[in-house]
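Per-chain numbering from 1; labels A, B, C and D assigned in written order.
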Amino acid sequence: MSDLSENLQKAISGSAFTRNLGLQVESWDAHTEALRILMPFSPDIERMKGSQQVHGGAIAALIDTAATFALVAREKTAVPTIDLRIDYLRPAISTALIAEGRVRRAGKTIGVVDVEVSTPAGALIATGRGVFGLGAK
Amino acid sequence: MSDLSENLQKAISGSAFTRNLGLQVESWDAHTEALRILMPFSPDIERMKGSQQVHGGAIAALIDTAATFALVAREKTAVPTIDLRIDYLRPAISTALIAEGRVRRAGKTIGVVDVEVSTPAGALIATGRGVFGLGAK
Amino acid sequence: MSDLSENLQKAISGSAFTRNLGLQVESWDAHTEALRILMPFSPDIERMKGSQQVHGGAIAALIDTAATFALVAREKTAVPTIDLRIDYLRPAISTALIAEGRVRRAGKTIGVVDVEVSTPAGALIATGRGVFGLGAK
Amino acid sequence: MSDLSENLQKAISGSAFTRNLGLQVESWDAHTEALRILMPFSPDIERMKGSQQVHGGAIAALIDTAATFALVAREKTAVPTIDLRIDYLRPAISTALIAEGRVRRAGKTIGVVDVEVSTPAGALIATGRGVFGLGAK
(Lines give C-alpha, C1' and ligand atoms only; values in the text may rest on other atoms or scores of the structure.)
Protein backbone atom coordinates (compact mmCIF):
# COMPACT_ATOMS: atom_id res chain seq x y z
CA MET A 1 0.00 0.00 0.00
CA SER A 2 1.36 3.41 -0.96
CA ASP A 3 1.97 6.15 1.59
CA LEU A 4 -0.99 8.08 0.20
CA SER A 5 -3.31 5.09 0.51
CA GLU A 6 -2.09 4.60 4.08
CA ASN A 7 -2.87 8.22 4.90
CA LEU A 8 -6.34 7.93 3.38
CA GLN A 9 -6.96 4.77 5.40
CA LYS A 10 -5.86 6.55 8.58
CA ALA A 11 -8.28 9.41 7.89
CA ILE A 12 -11.15 7.01 7.17
CA SER A 13 -10.43 4.95 10.27
CA GLY A 14 -10.05 8.16 12.28
CA SER A 15 -13.82 8.62 12.18
CA ALA A 16 -15.73 6.13 14.33
CA PHE A 17 -18.59 6.33 11.85
CA THR A 18 -16.63 5.07 8.83
CA ARG A 19 -14.42 2.79 10.95
CA ASN A 20 -17.53 1.00 12.20
CA LEU A 21 -18.54 0.39 8.57
CA GLY A 22 -15.19 -1.36 8.07
CA LEU A 23 -14.25 0.78 5.05
CA GLN A 24 -10.92 -0.22 3.49
CA VAL A 25 -8.89 1.68 0.89
CA GLU A 26 -8.24 -0.68 -2.01
CA SER A 27 -6.34 1.51 -4.44
CA TRP A 28 -5.76 5.05 -5.69
CA ASP A 29 -4.85 5.51 -9.34
CA ALA A 30 -3.29 8.95 -9.77
CA HIS A 31 -3.50 8.71 -13.56
CA THR A 32 -7.26 8.13 -13.78
CA GLU A 33 -7.89 9.91 -10.46
CA ALA A 34 -9.91 6.91 -9.32
CA LEU A 35 -10.13 5.74 -5.71
CA ARG A 36 -11.50 2.31 -4.78
CA ILE A 37 -12.90 1.62 -1.30
CA LEU A 38 -14.31 -1.68 -0.06
CA MET A 39 -17.12 -2.15 2.46
CA PRO A 40 -17.29 -5.72 3.79
CA PHE A 41 -20.70 -7.28 4.41
CA SER A 42 -21.71 -7.65 8.06
CA PRO A 43 -24.93 -7.88 10.07
CA ASP A 44 -24.20 -4.32 11.26
CA ILE A 45 -25.16 -2.90 7.88
CA GLU A 46 -28.25 -5.00 7.19
CA ARG A 47 -31.43 -3.23 6.08
CA MET A 48 -33.38 -5.43 8.46
CA LYS A 49 -32.13 -8.10 10.83
CA GLY A 50 -31.81 -11.30 8.87
CA SER A 51 -32.54 -9.72 5.48
CA GLN A 52 -28.89 -9.92 4.40
CA GLN A 53 -29.61 -6.84 2.29
CA VAL A 54 -27.15 -3.97 2.66
CA HIS A 55 -28.79 -0.85 4.14
CA GLY A 56 -29.14 2.08 1.74
CA GLY A 57 -27.76 4.40 4.38
CA ALA A 58 -24.55 2.37 4.52
CA ILE A 59 -24.27 2.57 0.74
CA ALA A 60 -24.78 6.35 0.97
CA ALA A 61 -21.97 6.59 3.51
CA LEU A 62 -19.72 4.45 1.31
CA ILE A 63 -20.39 6.71 -1.69
CA ASP A 64 -19.79 9.87 0.35
CA THR A 65 -16.48 8.46 1.57
CA ALA A 66 -15.25 7.31 -1.84
CA ALA A 67 -16.16 10.65 -3.41
CA THR A 68 -14.67 12.75 -0.62
CA PHE A 69 -11.38 10.89 -0.49
CA ALA A 70 -10.95 10.74 -4.26
CA LEU A 71 -10.83 14.52 -4.13
CA VAL A 72 -8.70 14.52 -0.98
CA ALA A 73 -6.21 12.22 -2.73
CA ARG A 74 -6.01 14.66 -5.63
CA GLU A 75 -6.15 17.97 -3.79
CA LYS A 76 -4.45 17.14 -0.48
CA THR A 77 -6.97 19.20 1.43
CA ALA A 78 -10.22 18.71 3.32
CA VAL A 79 -13.28 18.96 1.07
CA PRO A 80 -16.67 19.64 2.68
CA THR A 81 -19.60 17.92 0.93
CA ILE A 82 -21.95 20.46 -0.66
CA ASP A 83 -24.41 17.92 -2.03
CA LEU A 84 -24.64 14.22 -2.66
CA ARG A 85 -26.95 12.13 -4.86
CA ILE A 86 -27.41 8.39 -4.89
CA ASP A 87 -29.28 6.13 -7.31
CA TYR A 88 -30.02 2.64 -6.04
CA LEU A 89 -30.09 0.30 -9.03
CA ARG A 90 -30.23 -3.19 -7.52
CA PRO A 91 -30.37 -4.67 -4.02
CA ALA A 92 -27.04 -5.90 -2.62
CA ILE A 93 -27.54 -9.23 -0.86
CA SER A 94 -24.91 -10.63 1.46
CA THR A 95 -22.00 -9.17 -0.48
CA ALA A 96 -19.04 -6.87 0.00
CA LEU A 97 -19.27 -3.69 -2.07
CA ILE A 98 -16.58 -1.76 -3.87
CA ALA A 99 -17.03 1.96 -4.54
CA GLU A 100 -14.94 3.61 -7.22
CA GLY A 101 -14.81 7.39 -7.00
CA ARG A 102 -13.60 9.32 -10.02
CA VAL A 103 -12.95 13.07 -10.12
CA ARG A 104 -14.89 14.70 -12.98
CA ARG A 105 -14.05 18.31 -12.28
CA ALA A 106 -11.74 20.10 -9.86
CA GLY A 107 -11.82 23.86 -10.26
CA LYS A 108 -10.87 26.69 -7.92
CA THR A 109 -13.86 26.41 -5.60
CA ILE A 110 -15.76 23.26 -6.61
CA GLY A 111 -15.02 19.60 -7.22
CA VAL A 112 -17.39 17.04 -8.75
CA VAL A 113 -16.94 13.29 -8.29
CA ASP A 114 -18.79 10.32 -9.77
CA VAL A 115 -19.00 7.03 -7.88
CA GLU A 116 -20.01 3.55 -8.99
CA VAL A 117 -20.75 0.86 -6.40
CA SER A 118 -20.40 -2.73 -7.55
CA THR A 119 -20.12 -6.21 -6.13
CA PRO A 120 -16.69 -7.88 -6.38
CA ALA A 121 -18.18 -9.88 -9.30
CA GLY A 122 -18.90 -6.60 -11.12
CA ALA A 123 -22.68 -6.18 -10.75
CA LEU A 124 -23.56 -2.47 -10.60
CA ILE A 125 -25.51 -1.77 -7.39
CA ALA A 126 -25.65 2.02 -7.13
CA THR A 127 -24.26 5.20 -8.62
CA GLY A 128 -23.50 8.45 -6.87
CA ARG A 129 -22.43 11.98 -7.64
CA GLY A 130 -21.23 14.65 -5.24
CA VAL A 131 -20.23 18.30 -5.27
CA PHE A 132 -17.54 19.38 -2.84
CA GLY A 133 -15.97 22.66 -1.75
CA LEU A 134 -12.33 23.29 -2.62
CA GLY A 135 -9.92 25.98 -1.56
CA ALA A 136 -11.25 26.09 1.98
CA LYS A 137 -7.89 25.19 3.53
CA MET B 1 -46.38 7.19 21.80
CA SER B 2 -49.01 5.96 19.35
CA ASP B 3 -49.15 2.37 18.10
CA LEU B 4 -47.98 3.50 14.69
CA SER B 5 -45.00 5.38 16.13
CA GLU B 6 -44.13 2.30 18.18
CA ASN B 7 -44.21 0.13 15.07
CA LEU B 8 -42.00 2.56 13.18
CA GLN B 9 -39.55 2.61 16.10
CA LYS B 10 -39.47 -1.20 16.10
CA ALA B 11 -38.68 -1.26 12.39
CA ILE B 12 -35.95 1.36 12.77
CA SER B 13 -34.41 -0.43 15.74
CA GLY B 14 -34.73 -3.75 13.88
CA SER B 15 -31.83 -2.72 11.66
CA ALA B 16 -28.46 -2.73 13.44
CA PHE B 17 -27.38 0.09 11.15
CA THR B 18 -30.06 2.59 12.22
CA ARG B 19 -30.17 1.26 15.79
CA ASN B 20 -26.46 2.03 16.16
CA LEU B 21 -27.18 5.61 15.08
CA GLY B 22 -29.65 5.85 17.97
CA LEU B 23 -32.52 7.02 15.77
CA GLN B 24 -35.72 7.76 17.74
CA VAL B 25 -39.20 8.38 16.37
CA GLU B 26 -40.40 11.70 17.76
CA SER B 27 -43.81 12.07 16.12
CA TRP B 28 -45.98 11.23 13.13
CA ASP B 29 -48.61 13.75 12.10
CA ALA B 30 -51.17 12.00 9.89
CA HIS B 31 -52.73 15.30 8.86
CA THR B 32 -49.57 16.90 7.45
CA GLU B 33 -48.00 13.50 6.66
CA ALA B 34 -44.86 14.60 8.48
CA LEU B 35 -42.60 12.27 10.45
CA ARG B 36 -39.98 13.54 12.90
CA ILE B 37 -36.95 11.44 13.82
CA LEU B 38 -34.18 12.42 16.24
CA MET B 39 -30.52 11.42 16.03
CA PRO B 40 -28.65 12.09 19.29
CA PHE B 41 -25.08 13.35 19.11
CA SER B 42 -22.39 10.84 20.03
CA PRO B 43 -18.69 10.29 19.27
CA ASP B 44 -19.81 7.38 17.05
CA ILE B 45 -21.07 9.79 14.40
CA GLU B 46 -18.20 12.29 14.43
CA ARG B 47 -16.69 13.32 11.10
CA MET B 48 -13.25 13.00 12.70
CA LYS B 49 -12.34 11.96 16.20
CA GLY B 50 -12.57 15.02 18.43
CA SER B 51 -14.08 17.26 15.74
CA GLN B 52 -17.53 17.12 17.35
CA GLN B 53 -18.90 17.61 13.82
CA VAL B 54 -21.61 15.19 12.75
CA HIS B 55 -20.51 12.98 9.83
CA GLY B 56 -22.27 13.68 6.54
CA GLY B 57 -22.85 9.96 6.07
CA ALA B 58 -24.80 9.83 9.33
CA ILE B 59 -26.92 12.77 8.17
CA ALA B 60 -27.53 10.92 4.88
CA ALA B 61 -28.69 7.85 6.80
CA LEU B 62 -30.94 10.00 9.00
CA ILE B 63 -32.52 11.60 5.91
CA ASP B 64 -33.01 8.23 4.20
CA THR B 65 -34.71 6.89 7.32
CA ALA B 66 -37.00 9.87 7.84
CA ALA B 67 -38.04 9.85 4.18
CA THR B 68 -38.55 6.10 4.01
CA PHE B 69 -40.62 5.87 7.16
CA ALA B 70 -42.74 8.92 6.37
CA LEU B 71 -43.93 6.97 3.34
CA VAL B 72 -44.18 3.72 5.31
CA ALA B 73 -46.37 5.51 7.87
CA ARG B 74 -48.67 6.68 5.10
CA GLU B 75 -48.67 3.62 2.86
CA LYS B 76 -48.22 0.78 5.36
CA THR B 77 -45.88 -1.04 3.00
CA ALA B 78 -42.14 -1.35 2.43
CA VAL B 79 -40.78 1.32 0.06
CA PRO B 80 -37.43 0.70 -1.65
CA THR B 81 -35.35 3.85 -2.16
CA ILE B 82 -34.94 4.67 -5.86
CA ASP B 83 -32.82 7.76 -5.37
CA LEU B 84 -31.79 10.12 -2.61
CA ARG B 85 -30.32 13.62 -2.66
CA ILE B 86 -28.82 15.58 0.21
CA ASP B 87 -27.75 19.22 0.43
CA TYR B 88 -25.47 20.07 3.33
CA LEU B 89 -26.15 23.67 4.32
CA ARG B 90 -24.24 24.15 7.59
CA PRO B 91 -21.98 22.00 9.78
CA ALA B 92 -23.67 20.42 12.82
CA ILE B 93 -21.40 20.72 15.84
CA SER B 94 -22.01 18.66 18.95
CA THR B 95 -25.78 18.68 18.59
CA ALA B 96 -28.67 16.29 18.24
CA LEU B 97 -30.45 16.55 14.91
CA ILE B 98 -34.14 16.29 14.07
CA ALA B 99 -35.19 15.21 10.58
CA GLU B 100 -38.71 15.98 9.43
CA GLY B 101 -39.86 13.96 6.43
CA ARG B 102 -42.92 15.15 4.53
CA VAL B 103 -44.64 13.24 1.73
CA ARG B 104 -44.93 15.42 -1.39
CA ARG B 105 -46.36 12.85 -3.76
CA ALA B 106 -47.65 9.32 -3.40
CA GLY B 107 -48.90 7.86 -6.65
CA LYS B 108 -49.46 4.31 -7.83
CA THR B 109 -45.78 3.43 -8.35
CA ILE B 110 -43.75 6.34 -6.98
CA GLY B 111 -43.53 8.37 -3.79
CA VAL B 112 -41.54 11.59 -3.28
CA VAL B 113 -40.55 12.85 0.16
CA ASP B 114 -38.83 16.06 1.28
CA VAL B 115 -36.75 16.13 4.46
CA GLU B 116 -35.39 19.02 6.51
CA VAL B 117 -32.72 18.38 9.14
CA SER B 118 -32.45 20.95 11.93
CA THR B 119 -30.95 21.37 15.36
CA PRO B 120 -33.38 21.31 18.30
CA ALA B 121 -32.95 25.13 18.36
CA GLY B 122 -34.22 25.28 14.78
CA ALA B 123 -31.07 25.93 12.72
CA LEU B 124 -31.41 24.30 9.29
CA ILE B 125 -28.48 21.90 8.73
CA ALA B 126 -29.39 19.94 5.62
CA THR B 127 -32.22 19.22 3.22
CA GLY B 128 -32.99 15.99 1.42
CA ARG B 129 -35.32 14.61 -1.20
CA GLY B 130 -35.95 11.00 -2.10
CA VAL B 131 -37.92 8.98 -4.64
CA PHE B 132 -39.30 5.65 -3.51
CA GLY B 133 -41.05 2.71 -5.11
CA LEU B 134 -44.66 2.01 -4.15
CA GLY B 135 -46.94 -0.88 -4.85
CA ALA B 136 -44.18 -3.48 -4.56
CA LYS B 137 -45.91 -5.33 -1.73
CA MET C 1 -43.15 46.87 -10.70
CA SER C 2 -40.07 47.77 -8.64
CA ASP C 3 -36.77 48.80 -10.20
CA LEU C 4 -35.24 45.50 -9.13
CA SER C 5 -38.05 43.50 -10.73
CA GLU C 6 -37.63 45.53 -13.90
CA ASN C 7 -33.92 44.80 -13.99
CA LEU C 8 -34.54 41.09 -13.47
CA GLN C 9 -37.10 41.14 -16.29
CA LYS C 10 -34.60 42.87 -18.58
CA ALA C 11 -31.98 40.22 -17.83
CA ILE C 12 -34.46 37.38 -18.43
CA SER C 13 -35.70 38.93 -21.68
CA GLY C 14 -32.09 39.61 -22.70
CA SER C 15 -31.65 35.91 -23.42
CA ALA C 16 -33.51 34.71 -26.49
CA PHE C 17 -33.90 31.32 -24.81
CA THR C 18 -35.88 32.56 -21.81
CA ARG C 19 -37.58 35.34 -23.80
CA ASN C 20 -38.99 32.72 -26.17
CA LEU C 21 -40.45 30.92 -23.16
CA GLY C 22 -42.30 34.13 -22.29
CA LEU C 23 -41.00 34.21 -18.70
CA GLN C 24 -42.38 37.10 -16.66
CA VAL C 25 -41.19 38.34 -13.26
CA GLU C 26 -44.21 38.40 -10.95
CA SER C 27 -42.70 39.55 -7.66
CA TRP C 28 -39.58 39.61 -5.50
CA ASP C 29 -40.05 39.60 -1.74
CA ALA C 30 -36.83 40.83 -0.12
CA HIS C 31 -38.00 39.75 3.33
CA THR C 32 -38.58 36.07 2.49
CA GLU C 33 -36.03 36.15 -0.36
CA ALA C 34 -38.62 34.61 -2.68
CA LEU C 35 -38.89 35.34 -6.39
CA ARG C 36 -41.97 34.42 -8.43
CA ILE C 37 -41.76 33.93 -12.19
CA LEU C 38 -44.65 33.04 -14.51
CA MET C 39 -44.45 30.95 -17.68
CA PRO C 40 -47.59 31.29 -19.85
CA PHE C 41 -48.90 28.24 -21.65
CA SER C 42 -48.36 28.15 -25.41
CA PRO C 43 -48.06 25.52 -28.15
CA ASP C 44 -44.32 26.33 -28.22
CA ILE C 45 -43.76 24.50 -24.92
CA GLU C 46 -45.95 21.45 -25.58
CA ARG C 47 -44.48 18.02 -24.87
CA MET C 48 -45.99 16.81 -28.14
CA LYS C 49 -48.03 18.73 -30.69
CA GLY C 50 -51.63 18.75 -29.53
CA SER C 51 -50.91 17.13 -26.17
CA GLN C 52 -51.40 20.43 -24.30
CA GLN C 53 -48.94 19.04 -21.74
CA VAL C 54 -46.08 21.37 -20.77
CA HIS C 55 -42.68 19.97 -21.83
CA GLY C 56 -40.44 18.90 -18.95
CA GLY C 57 -37.55 20.75 -20.53
CA ALA C 58 -39.49 24.00 -20.35
CA ILE C 59 -40.24 23.35 -16.69
CA ALA C 60 -36.52 22.70 -16.12
CA ALA C 61 -35.68 26.03 -17.76
CA LEU C 62 -38.31 27.81 -15.66
CA ILE C 63 -36.87 26.31 -12.47
CA ASP C 64 -33.30 27.20 -13.46
CA THR C 65 -34.38 30.79 -14.13
CA ALA C 66 -36.37 31.22 -10.91
CA ALA C 67 -33.50 29.79 -8.84
CA THR C 68 -30.79 31.79 -10.60
CA PHE C 69 -32.59 35.11 -10.37
CA ALA C 70 -33.68 34.63 -6.75
CA LEU C 71 -29.97 34.57 -5.93
CA VAL C 72 -29.21 37.40 -8.36
CA ALA C 73 -31.89 39.52 -6.66
CA ARG C 74 -30.24 38.89 -3.30
CA GLU C 75 -26.58 39.01 -4.26
CA LYS C 76 -26.59 41.50 -7.16
CA THR C 77 -24.09 39.40 -9.07
CA ALA C 78 -24.08 36.73 -11.75
CA VAL C 79 -24.37 33.20 -10.34
CA PRO C 80 -23.29 30.26 -12.51
CA THR C 81 -25.37 27.12 -12.00
CA ILE C 82 -23.28 24.31 -10.48
CA ASP C 83 -26.05 21.73 -10.40
CA LEU C 84 -29.80 21.55 -10.77
CA ARG C 85 -32.36 18.92 -9.79
CA ILE C 86 -35.98 18.65 -10.77
CA ASP C 87 -38.75 16.38 -9.51
CA TYR C 88 -41.80 16.15 -11.73
CA LEU C 89 -44.80 15.49 -9.50
CA ARG C 90 -47.82 15.90 -11.80
CA PRO C 91 -48.39 16.70 -15.48
CA ALA C 92 -49.26 20.33 -16.27
CA ILE C 93 -52.04 20.44 -18.84
CA SER C 94 -52.83 23.62 -20.73
CA THR C 95 -51.94 25.90 -17.84
CA ALA C 96 -49.61 28.74 -16.99
CA LEU C 97 -47.05 27.86 -14.34
CA ILE C 98 -45.64 29.94 -11.51
CA ALA C 99 -42.21 29.13 -10.11
CA GLU C 100 -41.29 30.43 -6.67
CA GLY C 101 -37.56 30.39 -5.92
CA ARG C 102 -36.46 30.75 -2.32
CA VAL C 103 -32.86 31.15 -1.17
CA ARG C 104 -31.97 28.51 1.43
CA ARG C 105 -28.30 29.28 1.86
CA ALA C 106 -26.00 32.01 0.59
CA GLY C 107 -22.45 31.61 1.84
CA LYS C 108 -19.14 32.96 0.59
CA THR C 109 -18.80 30.64 -2.40
CA ILE C 110 -22.09 28.73 -2.69
CA GLY C 111 -25.79 29.49 -2.82
CA VAL C 112 -28.63 26.96 -2.57
CA VAL C 113 -32.15 27.72 -3.80
CA ASP C 114 -35.39 25.73 -3.60
CA VAL C 115 -38.10 26.14 -6.21
CA GLU C 116 -41.75 25.10 -6.27
CA VAL C 117 -43.69 25.14 -9.53
CA SER C 118 -47.47 25.39 -9.24
CA THR C 119 -50.49 26.19 -11.34
CA PRO C 120 -52.20 29.54 -10.67
CA ALA C 121 -54.84 27.50 -8.79
CA GLY C 122 -52.12 26.20 -6.46
CA ALA C 123 -51.58 22.60 -7.63
CA LEU C 124 -47.95 21.58 -7.09
CA ILE C 125 -46.45 20.44 -10.42
CA ALA C 126 -42.72 20.15 -9.78
CA THR C 127 -40.01 20.97 -7.27
CA GLY C 128 -36.43 21.96 -7.94
CA ARG C 129 -33.21 22.62 -6.10
CA GLY C 130 -30.05 24.22 -7.41
CA VAL C 131 -26.53 24.97 -6.24
CA PHE C 132 -24.90 28.12 -7.60
CA GLY C 133 -21.48 29.71 -7.44
CA LEU C 134 -21.10 33.00 -5.59
CA GLY C 135 -18.25 35.48 -5.34
CA ALA C 136 -17.22 34.98 -8.95
CA LYS C 137 -17.78 38.63 -9.89
CA MET D 1 -30.34 6.72 -40.78
CA SER D 2 -32.14 3.64 -39.44
CA ASP D 3 -35.92 3.43 -39.18
CA LEU D 4 -35.68 3.66 -35.40
CA SER D 5 -33.54 6.81 -35.59
CA GLU D 6 -36.03 8.30 -38.03
CA ASN D 7 -38.89 7.58 -35.68
CA LEU D 8 -37.01 9.14 -32.76
CA GLN D 9 -36.27 12.22 -34.88
CA LYS D 10 -39.96 12.49 -35.79
CA ALA D 11 -40.95 12.36 -32.12
CA ILE D 12 -38.35 14.97 -31.16
CA SER D 13 -39.35 17.27 -34.00
CA GLY D 14 -43.02 16.70 -33.14
CA SER D 15 -42.61 18.94 -30.10
CA ALA D 16 -42.19 22.61 -30.94
CA PHE D 17 -40.04 22.97 -27.83
CA THR D 18 -37.33 20.51 -28.90
CA ARG D 19 -37.73 21.32 -32.60
CA ASN D 20 -36.92 24.96 -31.84
CA LEU D 21 -33.72 23.80 -30.14
CA GLY D 22 -32.75 22.10 -33.42
CA LEU D 23 -32.13 18.71 -31.77
CA GLN D 24 -30.90 16.04 -34.21
CA VAL D 25 -30.61 12.30 -33.61
CA GLU D 26 -27.03 11.30 -34.42
CA SER D 27 -27.06 7.57 -33.63
CA TRP D 28 -28.60 4.81 -31.55
CA ASP D 29 -26.39 1.88 -30.61
CA ALA D 30 -28.62 -1.04 -29.59
CA HIS D 31 -25.66 -2.99 -28.22
CA THR D 32 -24.48 -0.34 -25.73
CA GLU D 33 -27.99 1.18 -25.44
CA ALA D 34 -26.49 4.59 -26.11
CA LEU D 35 -28.29 7.39 -27.97
CA ARG D 36 -26.46 10.45 -29.31
CA ILE D 37 -28.29 13.72 -29.94
CA LEU D 38 -26.77 16.92 -31.29
CA MET D 39 -27.82 20.48 -30.44
CA PRO D 40 -26.37 23.04 -32.88
CA PHE D 41 -25.21 26.39 -31.55
CA SER D 42 -27.45 29.37 -32.36
CA PRO D 43 -28.20 32.79 -30.87
CA ASP D 44 -31.56 31.33 -29.77
CA ILE D 45 -29.89 29.34 -27.00
CA GLU D 46 -27.47 31.99 -25.70
CA ARG D 47 -27.31 32.62 -21.96
CA MET D 48 -27.24 36.34 -22.70
CA LYS D 49 -27.41 38.14 -26.04
CA GLY D 50 -23.90 38.27 -27.44
CA SER D 51 -22.36 36.04 -24.74
CA GLN D 52 -22.07 33.09 -27.13
CA GLN D 53 -22.46 30.89 -24.02
CA VAL D 54 -25.05 28.12 -24.27
CA HIS D 55 -27.93 28.62 -21.80
CA GLY D 56 -28.05 26.10 -18.97
CA GLY D 57 -31.76 25.61 -19.57
CA ALA D 58 -31.07 24.51 -23.14
CA ILE D 59 -28.50 22.02 -21.85
CA ALA D 60 -31.09 20.74 -19.37
CA ALA D 61 -33.58 20.25 -22.20
CA LEU D 62 -30.94 18.46 -24.29
CA ILE D 63 -30.15 16.11 -21.39
CA ASP D 64 -33.83 15.41 -20.72
CA THR D 65 -34.36 14.58 -24.39
CA ALA D 66 -31.31 12.31 -24.73
CA ALA D 67 -32.22 10.45 -21.55
CA THR D 68 -35.90 10.10 -22.42
CA PHE D 69 -35.32 8.85 -25.95
CA ALA D 70 -32.54 6.44 -24.99
CA LEU D 71 -35.18 4.68 -22.90
CA VAL D 72 -37.83 5.08 -25.61
CA ALA D 73 -35.45 3.48 -28.13
CA ARG D 74 -34.99 0.53 -25.80
CA GLU D 75 -38.51 0.15 -24.44
CA LYS D 76 -40.64 1.32 -27.36
CA THR D 77 -42.99 3.13 -25.02
CA ALA D 78 -43.48 6.63 -23.63
CA VAL D 79 -41.50 7.23 -20.42
CA PRO D 80 -42.55 10.11 -18.15
CA THR D 81 -39.62 11.84 -16.39
CA ILE D 82 -39.75 11.30 -12.62
CA ASP D 83 -36.66 13.32 -11.80
CA LEU D 84 -33.70 14.85 -13.58
CA ARG D 85 -30.33 16.08 -12.31
CA ILE D 86 -27.73 18.12 -14.16
CA ASP D 87 -24.16 19.00 -13.23
CA TYR D 88 -22.65 21.88 -15.19
CA LEU D 89 -18.89 21.27 -15.41
CA ARG D 90 -17.64 23.88 -17.89
CA PRO D 91 -19.18 26.71 -19.94
CA ALA D 92 -19.95 25.88 -23.59
CA ILE D 93 -18.93 28.79 -25.79
CA SER D 94 -20.14 29.05 -29.38
CA THR D 95 -20.19 25.29 -29.93
CA ALA D 96 -22.57 22.53 -30.89
CA LEU D 97 -23.14 19.99 -28.13
CA ILE D 98 -23.56 16.24 -28.30
CA ALA D 99 -25.47 14.43 -25.56
CA GLU D 100 -24.98 10.70 -25.16
CA GLY D 101 -27.67 8.98 -23.11
CA ARG D 102 -26.96 5.52 -21.79
CA VAL D 103 -29.49 3.27 -20.04
CA ARG D 104 -28.16 2.13 -16.66
CA ARG D 105 -31.21 0.29 -15.42
CA ALA D 106 -34.54 -0.68 -16.92
CA GLY D 107 -36.74 -2.60 -14.52
CA LYS D 108 -40.46 -3.22 -14.41
CA THR D 109 -41.48 0.25 -13.24
CA ILE D 110 -38.33 2.41 -13.32
CA GLY D 111 -35.58 3.28 -15.78
CA VAL D 112 -32.35 5.16 -14.99
CA VAL D 113 -30.29 6.88 -17.67
CA ASP D 114 -26.91 8.64 -17.53
CA VAL D 115 -26.09 11.41 -19.95
CA GLU D 116 -22.78 13.07 -20.86
CA VAL D 117 -22.77 16.32 -22.83
CA SER D 118 -19.58 17.11 -24.75
CA THR D 119 -18.35 19.38 -27.51
CA PRO D 120 -17.65 17.72 -30.88
CA ALA D 121 -13.95 17.96 -29.89
CA GLY D 122 -14.67 15.85 -26.82
CA ALA D 123 -14.59 18.38 -23.95
CA LEU D 124 -17.01 17.32 -21.21
CA ILE D 125 -19.49 20.15 -20.55
CA ALA D 126 -22.16 18.63 -18.33
CA THR D 127 -23.43 15.35 -16.94
CA GLY D 128 -26.99 14.33 -16.24
CA ARG D 129 -28.97 11.52 -14.68
CA GLY D 130 -32.68 10.89 -14.87
CA VAL D 131 -35.25 8.49 -13.45
CA PHE D 132 -38.20 7.60 -15.67
CA GLY D 133 -41.42 5.66 -15.29
CA LEU D 134 -41.85 2.45 -17.25
CA GLY D 135 -44.81 0.23 -17.88
CA ALA D 136 -47.26 3.12 -18.04
CA LYS D 137 -48.39 2.34 -21.57
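To be clear about the criterion, a residue touches a chain if its C-beta (ideal position, glycine included) is under 8 Å from a C-beta of that chain, and two chains touch if they have at least 3 such contacts.
Model, not experiment: these values are computed from the prediction.
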Checklist entry - Quick one: which chain's Cα centre is the longest way from subunit B's? => result D
Checklist outcome for this item: Higher number of C-beta pairs in contact (B-C or B-D) found for B-C
Next on the checklist: Rounded to a whole Å, what is the gap between the Cα centroids of subunit C and subunit D?
Outcome noted: 21
Item to check | Approximate Å spacing (C-alpha centroids) for the pair subunit B, subunit C | outcome: 29
Checklist entry - What is the distance, in whole Å, between the centres of subunit B and subunit D, each centre taken as the mean of its C-alpha atoms? => result 34
Checklist outcome for this item: Residue ranges of subunit A touching at least 2 other chains are 82-83, 85, 87, 131
Checklist entry - Hey, which residues of subunit D end up touching subunit A in the complex? => result 85, 87, 89-90, 104-105, 112, 114, 124, 127, 129, 131
Checklist entry - Which of the residues in subunit A end up touching subunit C in this complex? => result 82-83, 85, 109-110, 131, 133, 135
Item to check | Contact footprint of subunit D on subunit C as seen in their complex | outcome: 11, 14-18, 20, 43-49, 55-58, 60-61, 64-65, 80-88, 91
